[in-house]
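Supplied in structure tokens, the structure appears directly below.
Naming follows writing order (A, B and C), and every chain is counted from residue 1.
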Amino acid sequence: MNQEIFTINNVWMMVATILVFIMHLGFAALECGLTRAKNTINILFKNTIIPALGLLTYAFIGFNLMYPGDVFSGGFLGLSGLGLSLPEGWDTSAYSEGYTFFTDFIFQAMFAATAATIVSGAVAERIKLGPFLFFSLIYVGICYPIVGMWKWGGGFLDTLSTPFYDFAGSTIVHSVGGWGALVGAYLLGPRIGKFTERGMNAIPGHNIPMAVIGVFLLWFGWFGFNGGSVLSADPGTVSLVFVTTSIAGAAGAFGALIASYLKFKSYDITMVLNGILAGLVGITAGADQMAVWESAVIGLIGGALVVFAVVFFDRLKVDDPVGAISVHLVGGIWGTLAVGIFGDLASFSQFISQLIGVAAVGVFCLVSSWILFYGMKKTVGIRVHEQEEVEGLDISEHSMRAYPDFATKE
Amino acid sequence: MNQEIFTINNVWMMVATILVFIMHLGFAALECGLTRAKNTINILFKNTIIPALGLLTYAFIGFNLMYPGDVFSGGFLGLSGLGLSLPEGWDTSAYSEGYTFFTDFIFQAMFAATAATIVSGAVAERIKLGPFLFFSLIYVGICYPIVGMWKWGGGFLDTLSTPFYDFAGSTIVHSVGGWGALVGAYLLGPRIGKFTERGMNAIPGHNIPMAVIGVFLLWFGWFGFNGGSVLSADPGTVSLVFVTTSIAGAAGAFGALIASYLKFKSYDITMVLNGILAGLVGITAGADQMAVWESAVIGLIGGALVVFAVVFFDRLKVDDPVGAISVHLVGGIWGTLAVGIFGDLASFSQFISQLIGVAAVGVFCLVSSWILFYGMKKTVGIRVHEQEEVEGLDISEHSMRAYPDFATKE
Amino acid sequence: MNQEIFTINNVWMMVATILVFIMHLGFAALECGLTRAKNTINILFKNTIIPALGLLTYAFIGFNLMYPGDVFSGGFLGLSGLGLSLPEGWDTSAYSEGYTFFTDFIFQAMFAATAATIVSGAVAERIKLGPFLFFSLIYVGICYPIVGMWKWGGGFLDTLSTPFYDFAGSTIVHSVGGWGALVGAYLLGPRIGKFTERGMNAIPGHNIPMAVIGVFLLWFGWFGFNGGSVLSADPGTVSLVFVTTSIAGAAGAFGALIASYLKFKSYDITMVLNGILAGLVGITAGADQMAVWESAVIGLIGGALVVFAVVFFDRLKVDDPVGAISVHLVGGIWGTLAVGIFGDLASFSQFISQLIGVAAVGVFCLVSSWILFYGMKKTVGIRVHEQEEVEGLDISEHSMRAYPDFATKE
């Protein structure tokens, strides 16, 4: 392959890396905006530390777990060493036609922390900081790369007779976070005041402009998340992915707008925001496989699903302050299955493979996050004291306020 | 043409696409910051829905209206079909030397919603949501692409003996939004309390940091808006455009700073912010035609003009909460005419062509937005009730507050 | 060299330019978030005007001072003219293999304002606007490019027998800002209420979400700051720089987290944020020279240093509201010296050259900023009146409030 195309590919992959990086600010802003002012420092602290944690653990062990190569290749688990050791020809097309070794690492590393940032939203406003960071360390450093290997590292989901397909991670990334979010929110129990005898109380987010910033930055970053998952700058595929991604996000907004208007008779901006994200999560598994109209349908359904999912989890009394489970788990499952229904791969056997992938990842993530959260719950405890929760985690965990100059209503 | 240059061009155009996308967050943040806390959800809702609407309508009809090709080519109106149908060789340089079909579509689609996001600022804090969304649907989906075709689709403005010149859309994009903003703000009338017997009252924006975020993101995105309008990665032209764009924005800040200091004897940050935008709007028509000093002059004058325009529209009692008309209409006209005065194309005949373009677009946009807004005013009504306006649109239209944890002064 | 590689390089340099541009929003958001609500307009005003000022002065004189070429080449001072005059072959690889003349200019111009935005944080909440803008004009327009020439323009630091090494500007950019910040903060004296008889009072920032936005945007931009300093799209070097930069920032977060937990027994988000920045500043001098583990060590130490530096400057009663001196001066010195200790250049003679560079730049910046600030202090005055400071600079300097709709505690 010629040096020019290699260099172009690598430039695009680096741009995609930067875009995925800024998604961490997107998550931080979104989760901050959709929770209460008294827990703002806490949520921001977590969403600042997790990307840093993700980069370091991914360099130390995650990348080697996810791409073990011939060492224990395929199957369920492999590890090619610790730390980053440069293969020969690491900065040439001998390593890959699309990127250098370091570009490969850093692009993948930016994804890693996502698994925990998704969880952080669902467990917000009541989880203890230490246990959450320990969960993140293991979930991001060990669990996520193992699941990733199953497909992207050439593991058993990639070697099914009809291989499981997950282009950029509806299952491999988003549902991994979503399952952890579900377990965490369930084991923690709902926030004080969320479910009372008189029914469910909405606890509104304290800063909607921040939530809007978050969603737009996530959408912005998704051009790198999906666009970079082409693993080259191939003009046709990347530009197709841009269109399917954009259209699915846009349709997700309308799916949620319509569903929430029919259900609640109001124009609910948080539903629209989550609808956009659900559309984006939904297209992620098949962004390179769909026609434009199919991406619109996938987004529309994803956006509508998020509204029903939020209501559903509320009924189950699983308290998810930001809607992360509805967006990333429900949206992720929907998007993964959609690859069996729409697009170039649609077939019954593909649908079955998609189901297998969803189930295998689900079981692994449910079990591992259960072990982590339940183990801590029964030992060190995972929930702050009632008084700390009422006062807010910013004071109890950080001795600071996010907005000390403003008068609050609390 | 060789595949390497085609791929590079396409990468640049995709980066430019992403940059234009994030301008929608820029508009959302700016307009949110410059209006009142009680209308924040409403303005953010509109600025979130409009880009989604723009993407979908542009895919369905806008792109075909704007680039009808041989179907009814040239002239005033053409339509090449509905939806996106892939031409042969869509992902090769046979389609275009600078981009694939999908890159072409998505870059243009990101521009489309701008026409309505500009309007949303001028009509903020008193327009009904439903009518505004209907206006946006038609204005973005139909009106904007028709005007765009006149120049960029090979229409009559492009075939004048001295062709009208509008590099990236001072007229085709910004003034289209500006004319709609003028009509909307005029037909709605001023906000309650803006003009009283004792004179004009400034109604300050509620969150200046958001406004600053907005302007910087718009400037950031403008590198894609203008830089992508080169339609290739040609090193000389794109880098020239970067310099003229940056210098005009910077000079716009000083133009507004000087004019507002002379006029009001204060350092008014909102004027400086709008001055930057006016400088950027001003250079947009001729960003590839100007020398560095000319871009500085254009920006300086654009920035100063915005100050006088704000005062002028206040005198006319046209209430534009964010200064959108001054920035996008006045700045857009100035920039368009400047192509006849400065730069490589400067000539009397060019100036006349620029005037023709400004006037033709102005008449079409005034008439079409008048029909839309006036038609709705006389039927469903376009303005919320007095009590709703006083209470804030967040409650009356969305039953939510943007900052429920904070004590407000209202 | 072939046109394809030239075009790719130029695309990457333009992307890097845009990324460095958005760092100015990062500085604005960070400094706004870490100061008080009553001084928000003022800090945003400065951070909006300075980039504009930087672009214009760099076009007028800075670029020619920094890269004087043969005119008075080398040594301590040179000037190749005023304004931008296009050399022959400016848009071809005859000018440079990595970029056109205009790309060269605009990439460098985006760096220029940084010197003053760093200062603005340290002198915040008490400096008069006019004197600060005058300082910025001279410091950005004259002092920064002179220092820059010493190394990047081929001056005496570049021609030492073992040349001083500063890849992207730990000394040339960050410490230049840091020295100015130190002098400014010292000559102004502390804010009212910061140091009282009973000891030091923390004056908390008013909007931590803004600070988080600022740090993430700075990190985001750093991929262009460091990645663009490769001056080409060379896949191996740029991707290495991405990894070292990311790892150093991540390690900086943990360095500050550990140090601040040990010292204060709390999870202090502002320390973590400044730790990230210190890690990034620290790696900047040698981002292309370090192994991954070395970048982690440099970041870790940089992050820890920031905690001790903040305490140290508090003891000296140098009041730096945002920690700019600790981040940019201490971090910059550390990163510069680290090039003599770690990485491919590590040697005793390199360490001495690094010391010489740090000292030479330090002396020049201390003297020049002392002359500027002290001269103004003894004539026009640099500090607002006590009553203005108590009331807040937004009212006294701008007659506006940043958040007029909210009830504040002041």
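The definition used in the following text is that contacts are C-beta pairs under 8 Å (C-beta built on N, C-alpha and C of every residue); 3 or more make two chains touch, one makes a residue touch a chain.
Just so we're on the same page, UniProt names per chain: A, B, C = Ammonium transporter.
Just so you know, these numbers come straight off a predicted model, no measurement behind them.
Asks: At the place where copies subunit B (Ammonium transporter) and subunit C (Ammonium transporter) touch, is the share of residue numbers found on both sides over half (same) or under half (different)?
Replies: Here the answer is different, because the shared fraction of interface numbers falls below one half.
Asks: To bring subunit A (Ammonium transporter) onto subunit C (Ammonium transporter) by a C-alpha fit, how many degrees must it turn, rounded to the nearest 5?
Replies: Rounded to 5 degrees, the superposing rotation is 120 degrees.
Asks: Where the centres are mean C-alpha positions, what is the separation of subunit B (Ammonium transporter) from subunit C (Ammonium transporter), in Å?
Replies: Taking the mean C-alpha position of each chain, the two centres sit 33 Å apart.
Asks: So which bits of subunit B (Ammonium transporter) are touching at least two other chains?
Replies: Residues 4, 8, 11, 15, 207, 213, 403, 406-407 of subunit B (Ammonium transporter) touch two or more partner chains.
Asks: For a test of understanding, state which residues of subunit B (Ammonium transporter) touch subunit C (Ammonium transporter) in their complex under the given definition.
Replies: 2, 4-5, 8, 11-12, 15, 19, 36-38, 204-209, 212-213, 215-217, 219-220, 223, 227, 233-236, 238-240, 242-243, 246-247, 249-251, 253-254, 257, 266-270, 272-273, 276, 292-293, 296, 403, 406-410
Asks: Once bound in the complex, which stretches of subunit B (Ammonium transporter) touch subunit A (Ammonium transporter)?
Replies: 3-4, 6-8, 10-11, 14-15, 17-18, 21-22, 24-25, 28-29, 32, 40-41, 44-45, 47-49, 51-53, 55-56, 59, 83-84, 90-91, 99-103, 105-106, 109, 129, 207, 210, 213, 397-407
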